[in-house]
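Labels for the chains are A, B, C and D, by order of writing; each one numbers its residues from 1.
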Amino acid sequence: MTRVVVTVMPREGVLDPQGQAVQGALGRLGFAGVTDVRLGRRIELELDGPDPRAAAQEMCERLLANALIEDFSIDLED
Amino acid sequence: MTTTPLHRQLGLTDDEFVRIPELIGRAPSDAELVMFSLMWSEHCSYKHSRRLLRRFPTTAPQVLQGPGENAGAVDVGDGWAVALKIESHNHPSAVEPFEGAATGVGGIVRDILALGARPIALLDSLRFGTLESARSRHLFTRAVAGIGHYGNCIGVPTVGGEVAFDDRYEDSCLVNAMCVGLVRSDGMLKSAAFGDGNLLVLIGNRTGKDGIGGASVLASAELSEDDADKRPSVQVGDPFTERKLMDCCLELAGADLFLALQDFGAAGLTSAASEMAAKGGVGLDIDLNQIPLREAGMTPAEILVSESQERMLGLVAPSQLDAVIAVCTRWELDANVIGVVTSTGNFTARHNGEIVVDIPALALTDDAPAYDVPQIPADAPSPLNLDDIAAPDDLADAWRALLARPNVASKRWIYEQYDHLVGANTIRRPGGDAAVVRIPGMQRALALTTDCAERHCEIDPRGGGRATVFEAARNIACTGARPYAASDCLNFANPEKGNTGWRLAEVIEGLSEALESIGVPIVSGNVSLYNESPARAIYPTPVVGMVGLLEDARTSVGHGFVADGDVVILLGGGRARFDASEWVGDAIGAPERPDLDDEARLIAATLRITATGRVHSAHDVSDGGIAIALTESALAGNVGCHVQLAEDRRNDEVLFGESGGRILVTCAPDALDAIREAAADAPCAIIGTVGGDTVSVEIGSEIISLDLTDARAVYELTLPKAIA
Amino acid sequence: MVAVVRFPGTLDHDSAARAIHAAGGTAIAAWHQDTELPAGTTAVVIPGGFSYGDHLRPGAIASRSPIMDAVRRHADAGGLVLGICNGFQVLCEAGLLPGVLRTNATTSFVCRQMTLEVIDHDTPFTRGLTDTLSIPIKNHDGAWFGDPATARIVLGYGPDNPLGSVASAAGVANHAGNVLGLMPHPEEAVDPLLGSVDGLGLFAALVRA
Amino acid sequence: MTRVVVTVMPREGVLDPQGQAVQGALGRLGFAGVTDVRLGRRIELELDGPDPRAAAQEMCERLLANALIEDFSIDLED
């Protein structure tokens, strides 16, 4: 059993309205010096199988990320 | 240090604790004690209100199901019934407003579903502290988001509701949700279990530690400083599963595969199963190991009282089990046989082969204690002295300022976050008096509203109860629909303290008298007590959800002015006063107690008038008085008006004063005679004409007017600005 | 016959079927696990809703279901496919339409009557339609994001672009014009009682196919 | 300027409908051996100020996470 962490973030250069909304909200709450906020997803998978990284890579390509607007990265924990 | 005995920690009194061994013939196990504490809590047993609730009128020719089942139902013709119920989710929403409000919607939807009815509309009724308070802004915005999220995602339109902000709700916000559903009269399901050997099938989400103890600990006691310790694990709504559960259960009900159906509400399996058993006079033998769990290591007591959402309990004949499982599988829902009907009359639960609970089901339900609440009348109110209320320097400015109050301004910011259309049956959208929803597949339509006159209830609970019912009925009648059935949610402070018990009884009396006068039965309801903190108690807030029936959906009437040159008519004889009005913004003065005959006559007249087919608009005069009602009709129709009002009081009171029993109607000049004739014995005065781009009111020698563009900006931008 | 595709969490299938009837056609249900469209299908509508609860990304999970392979074959053969709201999201996620639908600029659900501009009258769906249509929107993730230079934008919100779509796009077609996705809900505008009949034309196009 | 990464995950025991839906979808796509999926948020903040960790901690408590149903963790990158 391997725990695989997939991180999906909006692509560089793609506008992130939710990140902006959070940045605005932080500003209104009085937090100064927040110069950028980006919002993404963290997906924790428990995988049973021989090559969890390759499996996760395929999952990302087929479902977990939308290549048009998102980048993903994969980390294995143990 | 002495430790508090378990039963007291669980909220049972010593007297109640003593009764348990008398009922079951031995000392209860811990799991049984927990079950008693929940089932005998205010939330589940209504122990402080049950006796008072008997006062409600609950019978009428249209009633197919009165109070007592998961929801009430009335006959709407052609073999169809409409189910309705309103319920509170106040305490969970105060703890976590998004999930609390969302699961409130989910819960009321399952009550309707339990009748085998397809949910077709939702409404809400909300109370928060003023929007100057950051906490109230947070609770308000998150509760609205939660209601929207859940309702939108399950595809039931949220077509109306109401909201008010007042300091009295700062510590105890109110989140009430109402659901209306449609079911074949002959296919309506009950919850009573029967038939030795029939199977209990749990359908839906897995059981986790959600909301454990919610019913007794949270909803049956005042919120206080040490709330953090009392917080159960918060229930998280899963509307996607709810939608599948709806689709699946309706398919099963449609195929006659359920013998009975029950939702899981407060106290979870304990309440669902004991009610099914008690109602049917049978026993149930439940194997807790057959319940799919989300977490390992849950104790029997936790499994028995978990309030995990999106679960239903069906009673299924053994021969039908395979068919039931097949449908659930198609909907990708877990379905498990967790128990069987027995003839013992006992609620029996096993865990790892051992019997952990074995008590008469009736002991949990029918034997629950019932108490009288103290009846201490409050002092009689005295009318406001107008000299104590400063007259505004400029009436037009005052008008704009009133329009800019969150209680008066447009609620568009709320209802645009709700899908109020899904289903393609919404004929009158939110923003007017009552919403109008076509009954799917029929020419008939329903008018729907929620209302409450809480300031009036605080001062004169009998009168406020009446005012609440009549406001709802007027809202319904303005659309042309006949007030047909009601559900109520009694939100009150601690009934064991001060005048609250008396207020509760008086409000129930007032609601009942008014309902009787217009022939509308209460078919379901809910009680939420202890809405108070050490600092403040809420106003008595008996929210009424009312359903009206319109024979022909095409004939519904809206509240917006229609055409230049139309005549503006004021129906009803109510006298505008500042007592308890939005203008004074406080429960002060002595508002006139609505007269039962006058109000009933006005509603009947309104229905005769709309039935002429000649009415262009109708609008109830409520918060903010006639000036605000005229503004709302003008904004909705995007055309102004000029009216003349008699100068019988100070001009600000003529404009902004409130009373029951007034409705604005417009029609073409050539329809006037027909309308007057239809009004018959109800007061009917021509007060002006529709037209222009200002709303102007002439009182004696003074003309006060508001530019429509100006008014629209104030009306629409207030709420978005207040929460930004 | 117009096939109405249904996933778990689809909400507007009945309304879409009624709209098809109102336009003079016959509707037939297609289930997400089916591998073929119903026999006799001449056009396809993917109605609105929250398929799979909008989890992960709206339309993402539904777009990977078996029925979508059949819808793809139908589209490749030139058949008409109309995706409404969640259906639009599904078609984008399936790669049948360009771009993707993202969270509204308001970061909230928006339910509002809108005036749409018909920008491209040269698709089987929009031929003969009036220049503006009154149709409501109701969605949480309705901001179209894509390359306006290469996409065929068929419907627009005009200057009032409440959701923050690129190029104010409300509806986008594939190059051939036989696959159209739009966020507004034409099935809520097929009956004078609902306030507008401007949505009927789109269903009439499906029925004609 | 510090980049702070905030990870917000559903609390142990709290229902995670998103994770469940993704797990189901992966199964239907033919991925075997996915025994658990949990979905959370990753928030990347660019912070200007003396004590970015303390600032992020407060942001989590006040806005970014809902302590009743979510756990959060904070990592500083440089």
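One rule holds in what follows: a contact is a pair of C-beta atoms (placed from the backbone, for glycine too) under 8 Å apart; a residue touches a chain by one contact, two chains touch by 3 or more.
Keep in mind it's a predicted model, so treat the numbers as computed, not measured.
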B-C against A-C, pair bridged by the larger set of C-beta contacts: B-C
Approximate Å spacing (C-alpha centroids) for the pair chain A, chain D: 9
Length of the line joining the C-alpha centres of chain B and chain C, rounded to whole Å: 35
Euclidean distance of C-alpha centroids - chain A vs chain B, Å: 41
Inter-chain centre distance, chain A versus chain C - centres from mean C-alpha coordinates, in Å: 28
Residues of chain B touching at least two other chains: 238, 240-241, 332
Two or more partner chains touched - positions in chain C: 52-53, 55-56, 60-61, 64
Overlap residues in chain D, where contacts from two or more other chains coincide: 17, 21-22, 25, 29, 39
Complete list of chain pairs which touch one another: A-C, A-D, B-C, B-D, C-D
Of all residues in chain D, those that touch chain B in their complex: 10, 13-15, 17, 21, 24, 66, 68-69
Of all residues in chain B, those that touch chain D in their complex: 95-96, 98-99, 205, 208-210, 231, 233-234, 236, 238, 240-241, 294-295, 308-309, 332
Chain B residues within the chain C interface of the complex: 145, 148-149, 152-155, 238-241, 243-244, 247, 331-332, 415-424, 426-427, 438, 440, 553-554
Interface residues, chain D side, partner chain C - complex: 17-18, 21-22, 25, 28-29, 39
Of chain C, residues touching chain A in the complex: 56-57, 60-61, 64, 93, 99-100, 102-105, 107, 143, 145-146, 164
